[in-house]
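By written order: A, B, C, D and E. Residues from 1 in each chain.
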Amino acid sequence: MSERKAILQVKGLQTSFFTDDGVIPAVDNIDFSVHEGEVLGIVGESGCGKSVTSLSIMGLVPSPPGKITGGEILFGDRDLTKLSDKEMRKVRGNDVAMIFQEPMTSLNPLFTIGNQLMEAILIHKKDWSKKQAKNRAIEMLDLVGLPRTEELMKDYPHQLSGGMRQRVMIAMALVCDPKVLIADEPTTALDVTIQAQILALMKDLNERLNTAVLLITHDLGVVAETCERVVVMYAGQIVEEGPVPIIFKDPQHPYTKGLLQSVPDMRFKKQRLYSIPGNVPKPGSISTGCRFAARCEFAFDKCLTENPDLYQTSSVHKTRCFLYQDQEVLTHDRTLIES
Amino acid sequence: MAKMEPKSTNVAPQSDKVAGPWYEAWRSFKKSKVAVVGAGIVLFFIIVALIGPLIAPQGINEQALGNRLLKPSGQFWLGTDDFGRDILSRIIHGARISLWVGFFSVIGSVVVGSILGIVAGYYGKWIDTIISRVFDIMLAFPSILLAIAVVSVLGPSLQNALIAIAIINVPNFGRLIRSKVLSIKEEEYITSAKAIGMQDIRILFSHILPNSMAPVIVQGTLAIATAIIEAAALGFLGLGAQAPTPEWGKMLADARVNFINAPWTMFFPGLAIMLTVLGFNLMGDGMRDALDPRMKS
Amino acid sequence: ACTSDSSDGDKGDDGESSEPKILVFGRGGDSVSLDPARATDGESFKVTQNIFETLLNFGEQDTTINEGLATKWEPSEDGLTYTFTLREGVKFHDGTDFNAEAVVKNFERWANGTEDQFPYYASMFGGFKGDEGHVIESVTAEGDTTVVFTLKRPQSPFLKNIAMSPFAIASPTAFEASGDKFGDNPVGTGPFTFAEWKKNDSITIDKNADYWDKDLPKLDKVIFRAIPDNSARLNALSTNEIDLADGINPTDTKTVTDNAKLQLFERPSMNVGYLGLTNTRPPFDDVKVRQAMNHAIDKQSIIDAFFNGGAEVAKNPMPPSISGYNDDIAGYEYDPEKAKALLKEAGLEDGFEMELWAMPVPRPYMPDGTKVAEVIQKNLADIGIKAKIVSYEWATYLEKTKNGEADAFMLGWTGDNGDADNFLYTLLDKDNIGSNNYAYYSNDEVHDILINAQSEVDEDKRNELYAQAQEIIFEEAPWVPLAHSTPLLAGNADLVNFTPHPTGSDRLNKVDFK
Amino acid sequence: MTEPLLRVEGLKKYFPIRKGLLSRVSGHVKAVDDVSFYVNKGETLGIVGESGCGKSTTGRMLMRLLEPTEGKVFFDGKELTSISNDDMRKARREIQMVFQDPYASLNPRHTIEKILEEPLIVHGIGDSKERKKKVRDFLEIVGLSSYHAKRYPHQFSGGQRQRIGIARALMTNPKLIIADEPVSALDVSIQAQVLNLMQDLQKELNLTYIFIAHDLGVVRHISDRVGVMYLGKMVEVAVSEKLYDKPLHPYTQALLSAVPVPDPNFVREQILIKGDIPSPSNPPSGCTFHTRCPFKMDVCTKIVPKLEELETGHSVACHLYGEHAQQ
Amino acid sequence: MLHYIGRRLLQLIPVLLGMTFVVFMIIRAIPGDPAQVILGQQASESAILALRAKLGLDNPWYIQYFDYLKGLLTGDLGESMRTMNPVTDEIWTYLAATFELSLFAIVVAVIVGVNAGIISAWFQNSWFDYTAMILALVGVSMPIFWLGLMLQYIFGIELGILPTTGREEVRNPVESMTNIYVLDTIMQGRFDQLGTVLKHLVLPGIALATIPMAIIARMTRSSMLEVMRSDYVRTARAKGQKMFWVVYKHALKNAIIPVLTIIGLQMGMLLGGAILTETIFGWPGVGRYIYEAINFRDYPVIQSGILVVAFIFVMINLVIDVLYSLIDPRIKYD
């Protein structure tokens, strides 16, 4: 797995919002990379910075008040944070494409599906004729499994159901064969049966077109089912990263553990759910120490004063917790936990 | 059960200060430069209106026909009018009149408009139809013509101008409140109030009204601005305040005959109107941003 | 279809005279009708005066009788018949001839009309055919050029009436053809022909090339333009958008005189502006109070400030230019002390409260009613009378004052035909209470004198009667006469031969550009 | 069998669609179409189904926040659907509701104290002092502190607001609580807190719940029995173990198989059903699910299947199990 | 669509009927006798009585109202009491004048206002944004009569570069066909006149345009800001679209819908409410026509004038609503 080349590398990314109530470091020093053809998941609770991360990659952080304040985003050997506006426009939609959570509002209600799809093509394929673009658009609509594609081109978004719109969004993202597709909670607004359709489609396309997918979600079930690797975020930071089977089987960070246990499983009934006490801290309200310390049952003095690094706990697994600061502690703690 | 949640909460600072919605609004209002400037202007004119007679360099009706139409100078900062009266002093006194008309006409339209709007919005059915139609009819009139007609019926005077302005603004507030009531009626907390078994009247007064106040206050502030202009326009047409009241619009109208040879007699009253109105507009804008969370960025 | 329309103004390039001479006359309002017989407003007469002509004309700047379409006129001894000899070779603009027949037809048209059609005819000649008060027995043509008027009883201002704009002679062919619409397409004999009317904006009249006086008119075209606002009108004048403007604010005198490109015209005064005291309302039912009011008001400073000196202090209800004016009356001098004393005599030494009504619109006799009211208010305050200025819209104002609802009201009058009767009888006779006697002044002695004067044909005897009446009115002080104003006009400095007429309707046939 | 706490018979809600000049009724949205079920005292009935299938409408009709078009609701032996509005208002003391959006359901201009005190005032319970005390007590019960009383809703996190919503529902000591998606707006970790709280309260106060949700995991966790709705109809009702282990209705089967399970090693047999939910204003004839059903038979397009009890505690509305099964 | 328009027109009937009644009652409540004002201050009593009788003012009010309505049914707006001309004939010239001026003003206001709003929203918090928005606020706070006078003073009198009154160079008058002079001069190929006609439009046009311009700018800005935050704008940017097209294609089309409402309202306002501007600039428009009719108590003109203005106002709103459905496919009227 690791021999696959990383095509997108996020290094020490920091994105902050400069608001009237002070500076909010929505994304604080995160590192991860997306490999060719893989599906990487990002999970975390609401407000932990998932969307801001993806918008930072696209260079679409609403500004003002948002601003990338540090780090780099390498696509190939180019740092996207350093690109000019014009160069960045060539990357968007062409090299890196994105679909959003709300299929209802992500399409412009006043233009036809065809118009919007062809626009996406013609922006990057300047030498294409309208006809070519149209054919390509129809081809893409077919690809995502939509019926009667010719007529669909003339339809307006409101004439489509949520699931169909999300398919259109996917088609639109894929028209220019991007290397990376960022999907920010693409199914949250959809019903389960439709969600299942869309996820199946994305997985299928990922396999067929070999497009790397960065799938953002808060549903651990979706991650388990769709992703190869996962990044767990908490309050603007990555707290754990690794392959999905390992993380689900052997979560290391107390937050990840808590998260996994607190999800009610449909397959069997627990008497009582585990619950992580307290609330997610508001970004900007954290001063020092580990951000999870206040809710952590393993927290000790150091956790309150120092923020742990992201420790490499195996070749593929990283955790931001003092419990894993070094192997000794690690083994010590393992026994402690398992007992 | 204690296990469920540790005492530590990350919610809001533990200060005893109760940060209610009005307080929050006040805080964001304070942050807006525009709003503060606006409030400053308004406050300035209010103070001028209150203590006007104390600070005015001259009386308002002291005619000195020997001093007619003097240019602005050290003695008469803004010059004199064709009775030899000090324009600055008259403008200072005029603040009182304009603010008075602005405030009370708007209060009048808010009260009447709210009652009609609530009745229409809350009870619906044919009452709503009738009231809404009446509003439609009133709104289809060019408002200044309606005001002129009303003043013509009542006779030109400041008080009647005030009434006319109040009348033409009633449908604006009526509609606003009605739509507010209609939309708040659909809010979940109204359903939840019903779900606890609350009576309709109580829902109206304890939930719907207080929650429709914010836009009314904003609209009211902006309406004061318009009302001041409308009063001045009526004064300008000779249908508002009567001589020798130093109403700004009337001063402007009186100054028109001296348009060419004494432009200052016209310039300053107009400037006063514009500044006051600007103040209210700025303030209203700021309040809208503060009170309407949708507008917050 | 004007057959005589040769001077096609701007478009035609008529060789020699390179630039057509166009006069743009800016005024306060649009005309209502261009049928002079129907019109009642000055703005209409301003135009009809130049399209039509009357049998007799007023003097250039007075109300003496001069020849018009009639070259000779002879009253009989008993004052019951008038014989007019008509000018020859005059044609209407539609090409038809002007003759005795035409004159008769015009008078028949009016005499057979109704009050709402021809109000001036009714009020000047006492009604219509068949009415008891109708003065004119008959109008007959004797040949082509002689017309004989027979009256039922002598009417002293008869000739003056004949000279009034409403009694201009129109083309019978035209008014018979267009009926009620004649006012939109007027045809007369005047120096100008009607060309175009843009409602509420402008009326254009063109030079009548076939005018009987071959030297006239000098202008090729006159455009009457409505600019309601006085200052806007002056602006337009100073920016050369118009050449002549009436209704100049007295305060703008200096602006005009300072501008080398402009000149000022004064219209001889034939008006009176007054403060009426409703004689039936206490405390104005007390002559002492009325006299006190007369002494209290400083007319001279009012005139200085708001007529810019362009007016004469009034002491009588009619202007000095009118024959019969009694100059021996001293007038009430400005004397607050005396006023106070009079008030004390009336038992009102502490003053009283009253409403002072001020007209909302400028009038020729009162350029700025409310401002004058403010001065009066001040004057009254000096003798302890608290006056509140009240104003209504013009229509309301007239109705309410007419109903006697005002304590004291400002109003005025412009003479129609320059006759004393048109002032004293109309404004102060008890017959006219509820009409133009707004002050509700009623005095039987005055009434008898005025009725006598109406049928007195001897000028001197008449004047004697009017002098008497003025004496009594002075003592009784039903009003405070304020001023006889001189309305101002301003025009392009190049304008020559413009002579404003006291009646307000100016003949522009001699006007020319330098 | 003893009378259940709540029994619903043939409940319907048709929303008129108005059109034209005189706003004629040109059709109906059949939001809820002939639904019957019961809830026993002390148990939790879960109702699941996809968006727009009529869950909320059903919940609201139980309290007559919406007037049913047809059908009867019996609560504690009383027929709620026939009593006067004022009596219904008073009866709401016994039935309370918890809403999905904990923010929208709290008046932003009222303090928590005022919000919680209101039900007591409305029903004339206690004097001012007692009420204030009760407010503080209940704040503690739902895991907040009494110093929170003076604060405003916007100063709380989502989970805390939902606790306030629950506290309000509890103030009048109701017997039945209808919870309409009470945890859908919450994050996973917070959701667990609220679910636990609700379970604890149920035990302590002997409450009965109707728990509406679309998350099948959550419903299974909290419910004793579960009803599945599709397009305004109840298609299957069963004790939750039975429903999850052996779903009978093809829709239930598809629904269960569509839910992603947080276990990468779990391989489930996916039944992907095609297409979208049809519009309730124009529902398909016969069985409303036939347009998407993998086991569609001829009869399904014609005859509306009845909800029938197949075995004790397991009812299903599907022709596969009825008299037409042989076809 | 036609169905919808028909329905709207039908709904209009009670409103307009209500208006006729309200206007009728109000103007008759105004003291002052039309006959007196029409005949002038110096008129004799008998003349006034005769005119009253002729105008039917002696009839009870309900008969007068009924007669008026009867006339309306046959498309007869009555005759002016003052000029005796049919209102239908007269009002057209005034309407055309007003229409020309308001259209000019609204076009200026829309072009400047919409673009200022767009640029302000695009470069939110830039100096342009601040300046434009402060100017806009000053604009909405402007007493229009004062602005008009100031413009006259500065451009007409001090600088002397623009005419201050009227619609045309009167010495070189436009031959009116439609009475919309810009149109007339173009149709007649009189481009010299077109120049002067346009010049005459400038000052009153600016005075009239200021407030709508300011309102439109503010509305566009806030509407744009909202739209710019929307998901589909983000989608457009995510495609790699140029900001210019994102703004002028995707955002503008959505943002313009609420602005259209404002434009419609303002246009209606200009058509009926420009009395002050029309007076100051000597513009023979319909506002002044009605205002003068009020002064003269010319009942038929007031009644019908207001009715016509209200009708136009409502029609403009209808046109705007129809425009919505052209812009927004989600809006279907039937």
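Methods note: a residue touches a chain if its C-beta (ideal position, glycine included) is under 8 Å from a C-beta of that chain, and two chains touch if they have at least 3 such contacts.
Everything numeric in this text was worked out from a predicted model, so none of it was measured.
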item	value
Touching both subunit B and subunit C (chains)	E
Least step count from subunit B to subunit E, where 1 means the two chains touch	1
Chain pair whose interface holds the most contacting C-beta pairs	C-E
Farthest chain relative to subunit D (centres taken as mean CA coordinates)	C
Subunit A-subunit D separation of Cα centroids, rounded to whole Å	32
CA centroid of subunit C to CA centroid of subunit E, Å	38
Approximate Å spacing (C-alpha centroids) for the pair subunit A, subunit B	50
Separation of mean Cα positions, subunit E and subunit D [Å, integer]	55
For subunit C, residues that touch 2 or more chains besides their own	229, 235, 238, 392-393, 396
Shared interface positions of subunit B, touching two or more other chains	4-5, 9-11, 152, 155, 256, 259-260, 297
Touching two or more other chains - residue numbers and ranges from subunit D	157, 160, 193, 196
Sites on subunit C touched by subunit B in the complex	229-231, 234-235, 238, 249, 251-252, 254-255, 301, 304-306, 358, 360, 367-368, 370-371, 373-375, 377-378, 389-393, 396
Touching residues (chain side subunit E, partner subunit C) in the complex	30-34, 36-47, 49-51, 53-55, 82-85, 90, 93-94, 97, 152, 156-157, 160, 163-167, 169-173, 176, 279-282, 284, 288-289, 292, 295-297
Touching residues on subunit C, where the partner in the complex is subunit E	10, 22, 24, 29, 32-33, 40-41, 114-116, 119, 122-123, 127, 180, 183-184, 196, 198-202, 204, 223, 225-229, 232-233, 235-236, 238-239, 241-242, 392-400, 402, 411, 413-414, 416, 426, 432, 434-436
Of subunit E, residues touching subunit B in the complex	14-16, 18-19, 22-23, 26-27, 29-31, 137-138, 140-146, 149-150, 153, 157, 222, 225, 269, 271-273, 275-276, 287, 290-291, 294, 306, 309-310, 313-314
Residue ranges of subunit A in contact with subunit D within the complex	45-46, 161-164, 191-197, 199-200, 218-226, 244-245, 248-249, 258-260, 262-267, 269-270, 272-277, 279-280
